[in-house]
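What follows is chain A paired twice: with chain B in the first complex and chain C in the second.
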Partner chain A sequence: MDNAQRAMLDLRAMDELASMDSPYHRLSPLSKFLMTVVYIFITASFHKYDLTGLLFMVIFPLIGYQFAFIPVGTCFSKLRNVIPLVAAVGLLNPFFDRAPLFRIGSVNVSGGVVSMITLMLKGVFCLMASFLLMATTQIDDLCRALRKIHCPKMITSLILLTFRYTSVLLDQVSEMTQAYSLRAPGQKGIHISAWGTFLGQLLLRTMDRAEDLYEAMMLRGFSGEFHYAAGRQSSRLSWLAALITCGAVITARYINIPAFITSLFF
Partner chain B sequence: MHMADALLAPAVAATMYVASSTAAGVSIHKLRKEEKLGLEDNSKRLPTMAVTAALVFAGQMINYTIPGTGSSGHLCGGMMLSAILGPFAGFLSMIAVLVIQCLFFADGGLMALGANVWNMAFYGCFVGYFLIYRPIMNSDLFASRGRDAANRIKLILASILGCVVTLQLGAGSVAVETTLSGISELPFGTFLGLMLPIHLAIGLVEGLITAAVLVFLYEARPELLREVKTEGEASGKLSLKSTLAVLAVIVVLVGGGLSLYASSNPDGLEWALFGNAEEGYAENMGLDEDDFGVSSDISDKAGEIQEATSFLPDYAFANDEENPLGTTVSGIVGSLIVACLAAVICFIGGFFRRKNAGRAA
Partner chain C sequence: MLRFDNVTFSYPGSAPALEGVTFEVNDGEKVGLIGANGAGKSTLMKCVPGLLEASGTITVGGLAVNRENLAEVRRKVGYVLQDPDSQMFMPKVIDDMIFGPVNYGLSREEAEAGADRVLEDLGITRLRDRYNHRISGGEKRMAAIATVLAMGPDIMLMDEPSSSLDPRNRRALINTIKGLDRTMLIASHDLDMILDICSRVILLDGGKLIADGKAADILRDRELLEAHSLELPLSLSR
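Moving on to the complex of A and B:
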């Protein structure tokens, strides 16, 4: 399977997840978007040594996944895009920050090790939250939510149109790659002699396609903005859920809940 | 180079959002202005922008074999989009690509989107277009080879230089943003030293791929490319503004980037005189750096004045000789001082030349 096919499958899988029905899916897109943004900003703001405080943050996306009826493991396939750079930065921390932070039995744990784990966890938690948003929200609904917070219509229309054409072009790239690999068996990618012509030909066809698309849109009365179909409306319940979640997330940032629970018993 | 949310502090991420949003706002304003002037209709431009952005996204899935290495490279989207759509429309299209990559493929975080737009779209579309692509394409470089050949060579040069420079700037920004966020324990200089060489190689390959596509486009439909003068169109000389812009990029790149690798070891002359003291050479020759040279009241006074006035002694900030940034800044400042000196020399030469010409007349 080539990259384009894999990307197409990813897009299809996300689309299928977003079209499901669950209590989390039924929340208004804007409230979900704001909840996700607040969660990510708060999670990223944890101090590099505040491992126990950060650990509690996993609770929020986990609850979200349960309400969305989506297995948590679904998002971990996306880790392949997040982990490389995070790991590249984090793995070097233990070599530069060797000062012992605490002891587990007879083993000294350095600040670098803790900051490395914190960094990786932040990456995973933020991924879980943004995946949950996209797995429960259609792109049309998200663009409509962005319009509500005054995101320029040119950007939302562009995102929407680009998304619609991404799958078409991925399909074409996949067909071309397959045809090329059948004619050049055993070759890993596109040979240097075909670098220009391969994508260039698709580009030319794409520009013609843009003309056709414009004419089709004009025939349907396009005047610079998309008119969105009535989607999920904002409900009081959505905003109540968003308010409670944001409040809990902010509380968890300032009160170390695992330490607080421990102090109740010891 | 897509940054994850974990690599940024919220304050840095918010700052980058503000910077990228400003650039997006300016782009939208420019496009609306062009529409008002009747240059291009945005409702017509929108599908072209969207389909081209989708093509860049899909095109990045293609693996291009790098001869002799066994590895593969990808397309550089920013440069290609601005060459076809112009910098403002190209920038907005790149935002669409990055948003889809972030939301559907977790390639870059939601909080880090502002930083990713800045690192990949801003440099690629604005710096790449205004400071590299446009000056080169409007120049008379390689004019002696004929219009077609010159255009091809200029496209190749602009693509490679554009991709290399913008990727270096992007990689440098990643190091700056991560360091400012206090995420990495890696010293800034080391981080930069790891990021820049890797992205130099990537930029070179991406530049070659982009060049191949743009040259193909030039041969098939040259009217699709911006700033390309075809037969019958007059080409302007490289303007002073464009020349200065290209020179500024080269100064920052060479002075700022490469000076980090400048050796902190003594130069040849210093080494020859004082560097091999361990071997006893300096002692044998009776040399000592502090006492070397002619000693007199005037020379001591001159030395004091020099020490007091030099703000970048030994190519670093005064009082901060360990700081690699000092070397970078001194590289840039040094290059600028040389440029100013050269300009003064040219001005004086021009003054006397004009005076002589006036006398002869």
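Moving on to the complex of A and C:
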């Protein structure tokens, strides 16, 4: 199985995860979207040295995964290619910020190391939260939620079509790669001399397929609105969950909960 | 019910793909559209729901196909695309089936009830909650027809419905189409299927209407078919 096929299966697996049933799946898409946005915003706003405060933020996605009946490992396995990139963001910090911040035994820990870890954790936590949203909400439901908060039709259509186009693109990449490898035995990947033609053909073929797909949607009355995506209605429970989560997330931002708990005992 | 009057269409920078095509399809009639590759069959089909803008006049149930009437025309016309993978874009079969009806104003419950009826009529209730990428090619083809039928169209257009189906699924599809009480225009190279389903056949070549008559007459005319790069249906050539 080539990489494109594997990626396509991953994409389809996301669809299957999103149509599962669990208490978290049953929350309305808009409340889940708002919870995720607030979580990401608050997590990103932690000070670069506030490592202990930030650590507490992992609780929220972990609880979410439990309510969604999705093992946390699924997130890390699906995002295996992205997580190293996100984690690498602060890699240069230890070189620029060398001032010692605290000591562990006889070892000085510099501000750069702490800010690097903080940045890495921020990235990973935000990915965990985004994945949780995508794994529990179908793309059409999400677009409908965005339309409800008056997100322009053009943007929601673009999100939807990009999602659909990705699967078309992967499908075509997989077919073309297989056709190529069958006539280029012993060759790893696609030879650089064929890249131009390959990409050109890929573009033309995916455009054709994407046009067919769009026509199929138009023929069945699609006009940029997501009436059909009314699977999960807003409920009081959804908004209560959103309110409690947002409140807890904001509280965790302003009160260093691990430090507070430690102060109760020492 | 479906009328083409002097319909002409050219793709940019190309010779006309359709030239002065005139014919009509009556209510309840099943008409086969045949012709070699590039004869203009798919182009003609795409003009009906306004996917391509042709000159001349096309009317659907008395309604001219133009920008103003497009939504109403598309409500009356169901188009089964050649590739079911392009037709089925939602995760599950049921999601795909309610997509059209809900877009046209039905509630989700009404749309699901309608979809269930169609699935039962076609005998594919088992596919209701299946994922589109987990069903076979034959099942996907039937599901694609179901998505169109769920919209309750007056007229159905089918582009190569039997392509890439195994004999058993092909037979099941033919029986299904024969059982549908709808006006139909079916474009296909599968002349045996056309002979089995359609009472009337229209032969296109080079974008022009060459022949229009009873299926049994046209599909038995070896000279006519061979002159336009076709062959007698297998069932008639033995």
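Going forward, the second predicted complex is superposed on the first by the 215 of 266 C-alpha atoms of A that agree within 3 Å, B and C clash if a C-alpha of one lies under 4 Å from a C-alpha of the other, contacts with A are read in each partner's own complex, and residues count from 1 in each chain.
Convention: contacts are C-beta pairs under 8 Å (C-beta built on N, C-alpha and C of every residue); 3 or more make two chains touch, one makes a residue touch a chain.
The structure presented is a predicted model; accordingly, all values stated were derived computationally and were not measured.
Contacts of A:Gln138 after superposition: chain C is touched, whereas chain B is not reached. Shared-chain residue A:Cys246: touches no atom of chain B or chain C.
In the superposition on chain A, contact is made by A:Arg209 with both chain B and chain C.
In the overlay built on the shared chain, the residue A:Arg12 is in contact with chain C alone; chain B does not reach it.
Measured by the number of chain A residues touched, the leading partner among chain B and chain C is B.
Of the two partner chains placed around the shared chain by superposition, neither chain B nor chain C is touched by A:Ile257. In the superposition on chain A, contact is made by A:Met217 with both chain B and chain C. Touch criterion met: A:Pro152 reaches chain B, while chain C stays clear of it.
Residues common to the contacts of chain A with chain B and with chain C across the two structures: 164, 209, 213, 217-218, 222-223. Note for the complex: chain A touches chain C at residues 12, 15-16, 18-19, 138, 140, 164, 171, 209, 212-213, 215-223, 225, 227-228, 230-231.
By the touch criterion stated above, chain C contacts chain A in their complex at residues 49, 51, 71, 74-75, 77, 79, 81, 83, 85-87, 89-92, 95, 98-100, 102-104, 108, 111, 131, 133, 147, 151. Residues 1-10, 13, 24-25, 28, 31, 42-44, 46-55, 57-59, 61-67, 70, 72, 75, 84, 92-93, 95-97, 99-100, 102-111, 178, 182-187, 208-209, 212-213, 215-217, 220-221, 224 of chain B touch chain A in their complex. The touching residues of chain A, when paired with chain B in their complex, are 2-4, 7, 10-11, 14, 36-37, 40-41, 43-45, 48, 75, 78-79, 81-82, 85-86, 89-90, 92-93, 95-97, 112, 115, 119-120, 122-123, 126-127, 129-131, 133-134, 139, 142, 152, 154-155, 157-159, 161-166, 168-170, 172-173, 177, 187-192, 195-204, 206-207, 209-210, 213-214, 217-218, 222-224.
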